[in-house]
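Think of it as A, B, C and D in the order they're written, each chain with its own count starting at 1.
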């Protein structure tokens, strides 16, 4: 039973390999009569595309979206939306080196073990390019959420050992790290360029804030809002964890410190990160995810061939030294998918009262 | 659209409030002809029940499971298993204090906002008692997994600011913390008793290890094994995050450090925590979750009444000072549910090859 | 992947065997704050219970429902409702005869083939008694639908070769056949009693009418309203088909005869049975289902033992000569489940417009 | 919550409107390493395409399938398969007439009521063209089923008041009706051409036989094999009912006639149509569906405009006088989707025994 769909009432199904015919998404459950254009979707895709700065891969993909169904006369019709991005022609010979080897950190080994067959052109289905479908779907969800006054903002909080010290949301799109502190961003950039020059890569921490959610969103006991956001985030290849509010730090706190007290003006703190009992409190939803260093590095690493024979590999070509700024729009997109799905589920639950 | 089911092929649906008629679970999708007894299930439930030590609530609940369907002559029949635990009679007057107040840290406020109505006897559906159904279902899943050579072991790694320094799996069930280091456990216990004496509570970190999983388990791109485990863990009330392998520490590592290299004898490290690209590598699956301090504390806290009026509350009665040792079997149960579901999904995916 | 749940937003999961501990249902997705009592549910269960007339089995089951969760202070809370009917003690020795034989027309053979194990006490999970859970859930759904002005009415249209000639809805509950024509009912009864006296059984046709549905209900292209009703009906053991509106007769009609024309006062005919393109038209929803003759008959039939050896069997005990009147409330219940689920899905679809 | 997906373990999601950019399907859950080519899929699509005979619409659509993902080097990879058919350019001015009117028998009215917006170019999403995606997915499923020795054969049993009197399976693809009796087919054709000449249309009955299914397939209690086939069939636009085995005739049979007795050589009859208790018996699965007359007819009919004003309409252009021969491959495709999904579900259920 395959796992290429996400959401129950706003349901997206992505398809495509990095070097097959296309990548994209089918969105089912979109409300009718909502204005959606290719430009609106493209805007988000452009934030994810390669070649935006010195620390991201310069590979050129036009990444141009086509909406082939579900929109008529500029408006959604309530029928499934196919959004597709054709892959530019690639030279498969570039992949001869990795055809029969397992690149460390990549899913080459696990895909072959799972399926017994592997599309070795690039990373196949495991490519980050798959997330283009998510970002396209997220752009549609976002249009609905924004109309309801809900905002989603992710950014790089830390990278290359350097943390943001200020929170300046208007600066996020103005630096190549998508960091919330432009000074920290400058230092991150310098350090990441050094790391890249050394044929290495580095990770970071992305933080996300959601504002404008009414108290009451989430479906206990299994589909708690934090549980669903966690699933969404961990479904992004490079993300290895998540924490809400105080997160791991809560482990060392006393109950009297961690409990969010209330006054007649609302909560006096937000240690819970906006979700208690799996349901939104109405406070800001706040979570952080660790991003692992990019797996592709141009320095020799020990591995084996598919035949089992030891082998040294270095991943040629130019890659993202730090993927954080390109993960940011994916984090926002997955957040939007979870939220819109839950808003619809919430209304279904209450229907018939 | 409510969220009280978990899993797709091994599907559990829990029901029940802490002070209603019963709590329990329906398990659908269990293979037929597997020997399952109430005793086998009870054994796991006893690990979760209250009153096991000085730091857990002494409230006495018999927590005796009854299997009312799906088992015939000591074996499963492939039909749904109803496992039910009747609630002992409770004195609802004990809840007069919380009837119209929101206890800080509890889901009282969010449930009322979501549903517009709240079962104020105890924590209602948000009670930890709901997890009894999960543990019962997990015991069934576990029986299948163990027969396949798969082991799941969770334990308290840190609590009250004290971390385990050794890993002694055979000591876990021998100390009240279910910690993997008996020396650390003694110090944790002493510190937690102090905290409890001060009418406060504390959290911790629980770690879980899975061994015996074949490489190839997990369903990209959305139902990655780590994404599904994350959802399962975050669906447990007290858990506020998760990290796999190096987790948040990966954010500061270089690619050359983090990538798990391979030799002809297998992986040379396990920084990924046994999952790459959302699929098991065959190495130990390793993750950690932060447990927040118990919300119920017997010291005054600021809150409001349902009417909005400010109010000071202290949660009377005796509560778990540290819930970690009782969370351990719940973590194991949710892990078992994810794994068995994915094993079944894996077979369905490959069927027809 | 088991199939004991029905519905997506109003989701019911039934459990139980005819001679296990209990039968019943968990309902997930019920709106909060709706008044629901055991009496309201019992009223529908009493219409399904055995022993109502000379042509139904006189076996006495109290069939008393207990609601053990999801209702507080007489109102639903939005959490899962467990509704359970304990089985009265039965003498399993009564089933020695069928323990190792396959009763013709029953699911004894297919269950053993599917699961490799069979609960041979009665019909186990395949017993009509399983439908008690459906009727209980249907009673809850119905309460919501009726408050919205939606009515569901099923009745015996034909049995023992005799068809109703008039439609007198107020007579349905006043005759043991639940037929819509009391004169036809008298003749049916006489003929069925004769058939029963001859140790045989007979089937019939049940018709169902739904009124008050707004135009626009149903989810193309796969979850068309008629497709979902068809699935619901065919999931009832004795039902072997379904037709909407003109149904099979449409096969012989011309387009000019079958198309439902419209005027400014609405549709001029309802050959479609209230559903076009899988979506309700606002006209009466009308469908019919054939009910096969009861499989249990007290006359010798050829069969084999589980060992494969030929064997003659006659099903002792007293059975329903004609199950139609007891199928009627089950048809209504399944209709209610489909409709409420679709109303909730409809609202989810439109949410966010 | 939208309904454009079908199946749980072999899950297809169709997309597309008749005059949008494309129609097609995403297939998720296909086993890896199965040889699948565009030619194999095209073969089934060609059976559904227009212009095959004098009684089907001569509209020329190339209906050429492109597989853009999920297949590598001629074999499936276990990742989602996107199969797409681009729509040929159509002249939207041809639809001016129907833009603001409701065509009798069509879903124009119900789609507008449901969604509040309608793609009035052709029938939009309600077009029979949507079934191309189903046929493509069915071709893939069929490749797996055939390798397991399972055959699916549908054919026109009756049309224009004329029934087949013989069953000659090898003649089905040799006559334009896809009827199982070539003599009857000739008479049907003559009569249908007459009806067409009179600007009218007609329906028929399609029958389907499945052979090679092992006893034990189906998932009681709700996902019975017949229930799922019923849902699949009724999800096809023109189909208004279904019956298995004796079907509606069972309503008039005695238990002693209808029960399928057994000997040591197997079942002595197959009145049940190969499914008892929702599970396959191992006998031939046999069902029939009524097909309504094509809604588009070139004779004046009463209708209203979207404004509510009465209006006379005749659907210009040339249409299928009888859709039965083009429904046949769709019936087979939906049958294949149900069967493969259930085979996978069956294996998932038994996994872990």
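In the analysis below, a residue touches a chain if its C-beta (ideal position, glycine included) is under 8 Å from a C-beta of that chain, and two chains touch if they have at least 3 such contacts.
These numbers come from a predicted model, not from an experiment.
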| item | value |
| --- | --- |
| Common touching chains of subunit C and subunit B | A, D |
| Winner on C-beta contact pairs when A-B is weighed against B-D | A-B |
| Chain centre separation (subunit A, subunit D; CA means) in Å | 39 |
| Mean-CA-position distance for subunit D and subunit B (Å) | 46 |
| Gap in Å, rounded to a whole number, between the CA centres of subunit B and subunit A | 26 |
| Residues of subunit D engaged with two or more neighbouring chains | 1-2, 4-5, 8-9, 14, 29-30, 32-33, 78, 114-115, 125, 220, 344-345, 348-349 |
| Touching residues on subunit D, where the partner in the complex is subunit C | 1-6, 8-9, 14, 102, 104-107, 109-111, 113-115, 125-126, 130, 158-159, 161, 195, 200-205, 214-224, 226-235, 237, 240-264, 268, 272-273, 275-282, 290-297, 299, 301-304, 308-310, 344-346, 348-349 |
| Complex contact set, residues of subunit B against subunit C | 1-2, 4-5, 8-9, 11, 13-17, 20-24, 26, 28-30, 32-33, 66-70, 72, 75-82, 84, 114-119, 121, 124-125, 344, 348 |
| Touch list for subunit D against partner subunit B, complex | 1, 8-10, 29-34, 78, 144-145, 147-148, 220, 340, 343-345, 347-353 |
